[in-house]
């Protein structure tokens, strides 16, 4: 299934584009949002790669990123609110 | 494919050393140590990689007869290295908190009561 | 018998974990657990002396029963040969005595459960390091060791600078661990095994560029763990701010673990001592280490910091002697390592006793304690005589061996520097003795008492050991040192016992010949040679005097300070006490540029120290790539 | 064959929405609009891609794969909503205001924050 | 095979760029965010090199645990100028 | 105190998310620990994931609830218990006549079952227990450092 890899490449390119927002973002909020989106894009790229290489065990990593990736973002939000 | 990885590992390690050498904030120094960890872990895994291989975990379905594994030993080594890196980071951060309480600063130029 | 090495390691770790569960409330329980664990480990290791040291066996042990398949080592193996056991004995001795000492010593500290946990983990890691036969296992043990050592350094975090020292130690140690790991994996990428015996076999006459790179990285990383000079600046801070029993463990085990790793690396793993350039590199490092260590020690005003710099200096002796690479040189190095553990542990315990009694180790505040603490003073004198190499004690024997080994290897300048360093060691200990135990006693120490018995016992044991190893060098050499030397040189046996008989012959081609060990302990007395040596020494002293002195800066005679007044009897005696600062002021004044430079170089900024470490590593890599093959 | 077309359609839709989200995240003028655009990635991009992958997996009788993939999609959608809410509120309280704001209803409802 | 090489190269570029960002930011909070991003890219790279065990550990440590303890420490020492 | 209570009611979305995701994170973590010998992951990874559930609870409910739920002293002892269990399973190899870390009890279960692989499974689970208590202890300690700031 070669086309799945192209989808993965596309998502990684999107993540690379979002790194520009991490670099530029005038405030920490922008950087945090971009980092969150990069986490999500990484998870999707993982799904796509695992179906390309036909190993369902690779999906556990995507599961971890999906469930616990938002912890850091919420923590940063709490930090910005000043009530961590 | 692997050559790119090696270059990236060297760049990561050099960036980590650059942070340790030039940045004066000790929290930033710990971030630099984290970068060195990433670089070395990537180096180990890249050494164990075998083009065309698959993950060294045996499952009944999904494995074709002709598929072969990448080298599992470097993966075990990297796992140990990651665990150690996490422990070192946690230890260093707790030291940073205590240093901040005691010295009132995070500047490496001012945390120098022991000299000479 | 076969299980003894792993049991001695596991006992210590198990003791650490049991201390957390049962000893968190009760002080007695945790002392009991620590004592039992350390004595079991001591007994197990001492029972290995008979088979390993005397009968010359090598104990091999495959964890999980993963033996080599088709001549390829796939499991983690323990391999206890005489070299490893030699350092193992040093380690268990240090652990046992240090734990006995710390029973009373940590009385004023809270949270001593953490102390015992970390200490037992440290000792278990050191034992694992010296007994293992697997390169990556070595890295893991080094990392646990560094981790526990950092924790112990920060244990007295109410003291000045303990946290700072711990942080510096952690950062430098993590740089060193990264280098060790990178070197390990570079070796793995070439030979695809991690067993040290097999690596040794496969790297014989096969030094590719990646192997050379790995050698440089590993040498730098292990040197950082042994605190040789450009990597040393974390050591004095850590030794100074840790509790004294831990400082003793640092100089007795942690340093020695690094030295063991260097010996294993250059002798067994890479066969590197066949190269003249590696010998010269080690000798240069060692010489610089002992010189800078002792000169820095001369300028210190804190007892423990001074001892720490002396510790670095003595490690320089060991590295120099190891670098000479003859059987005599290796004997000298190992003997000095043993002696260093004994007398430096003794001195650190003395420092701990003084701290326990008076609450300070600052040389300028102490004085005249010999009347109040006679036993401590006697023990201190034994230690000081040992470290400065006075004849009846052990320092004399090993230092004499070092001089002899370097001189026989046509390295007379190194011999001269070693003699000079020995003289300076004696000088700095005269300063310590004068400012702590003799002279005028300050008024606030009127009520100082001798330390309790449980602290004096380990000190006396070490003092007696110092005398024994000094008086009976033949026995020590025969039963402890020379089996270790033979094991370090007999690489073929090491490989054979791990990988099965005949393996080394198949790979190495021919059995490696063991060079004959030639001990002439009575001393090498060639009058003309020694005459030339003393003449050279005189010239060297003259050069030093000329280089530093003879400039027309007026000495501070006109300062209106009563301590420079002429002393007549009958005056108030407040200023007749010569402080530690005031001794050797002439030398310090003459060499003030050098001392000022060294003081500025030890700036206390972590970035500078990291820069030294990385820069020296780069030099190692370049040197080894240019000169070794 | 019809399954292949469906899968490709889903994947292309996912790619398109993710691309739109990324471009929005790069080009929008202030933090709040950028945030709105980033949810595009997390909802529509993820949803279509996951559907495509899941259809492929189920059509190949690979049920473990399909179920895990769908679970990942659901979790990403839920968590990103929570994270977006939290980071928005944090940013607002930290003092970041949208440009060209006409009505600040949050301020109107919570005057003392 | 070729497309995998492209994917790998892209991920490597992303790792390098985010590491440079980590070094470049003077603001500590931004630096931590960039470190977490580097962690998740490194986890992706581990999967591309077929090391799922390591990738889970990296995702758990690099993308979850280490940002959490870094941010708590940063809050405690209060040196981050948040803008 | 009153103010703190007031806060908790307000952030209802994060609280609901914490309610919802804490069990899922726990299940995921325990799945990764228990299937350590069958699928990627193992003691360490699962332990970290389980421990990060503590952060979730903290985010939802604040420090007071967390400190009520967990007793630090007991957690510390449990961590040591995990380490001791690991060592004891290693020593079981010696006791049953082989060497340290040898894989005994291999007759339990078939290949691919959840309960299989002998001592390896037990060691994996005890490592998981140690890590989840250890990292949980670390995170609790870190959160506890913030507690004085939380009040004002």
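Points worth noting:
Lettered A, B, C, D, E and F in written order, each chain numbered from 1.
By our rule, contacts are C-beta pairs under 8 Å (C-beta built on N, C-alpha and C of every residue); 3 or more make two chains touch, one makes a residue touch a chain.
Not measured: the values here are computed from a predicted model.
Identification of common neighbours of chain E and chain F yields A, B. Ranked by how far their CA centres sit from the centre of chain D, the chains are topped by C.
A count of C-beta contacts for the chain pairs D-F and C-F puts C-F on top. Centre to centre, using the average C-alpha position, chain B and chain C are separated by 29 Å.
For the pair chain A and chain D, the distance between mean C-alpha positions equals 11 Å. The distance from the centre of chain B to the centre of chain F, with each centre set as the mean of the Cα atoms, comes to 23 Å.
Contacts with at least two other chains are made by residues 54-55, 57, 59, 79, 83, 86, 90, 93, 96-97 of chain B. For chain A, residues that reach two or more other chains under the stated contact definition are 26-27, 32, 50, 53, 55-58, 60-61, 63-64, 67-69, 71, 74-76, 78-80, 84. Here the chains touching each other pair up as A-B, A-D, A-E, A-F, B-C, B-E, B-F, C-F, D-F, E-F.
On the chain A side of its complex with chain E, the touching residues are 2, 5-6, 8-9, 12-13, 15-16, 19, 22-23, 26-28, 31-32, 35, 38-39, 42, 45-46, 49-50, 53, 55, 57-58, 60-61, 64-65, 68-69, 71-72, 75-76, 79-80, 84.
Partner chain B is touched in their complex by these residues of chain C: 136, 140, 143, 147, 150-151, 154, 157, 160-161, 163-167, 170-171, 174-175, 177-178, 181-182, 184-185, 188-189, 192, 194, 236-237, 240-241, 299-300, 599, 602-607, 610-611, 614. Touching chain F in their complex are the following residues of chain A: 57-58, 60-61, 63-64, 67-68, 71, 74-75, 78, 83-84. Of all residues in chain F, only 32, 40-42, 44-45, 48-49, 51-52, 55, 135, 138-139, 142-143, 145-146, 149 touch chain E in the complex they form.
Chain B meets chain E in the complex at residues 1, 4-5, 7-8, 11-12, 15, 18-19, 25, 27-28, 31-32, 34-35, 38, 41-42, 45-46, 48-49, 51-57, 70, 75, 78-79, 82-83, 85-86, 89-90, 93, 96-97, 100, 106.
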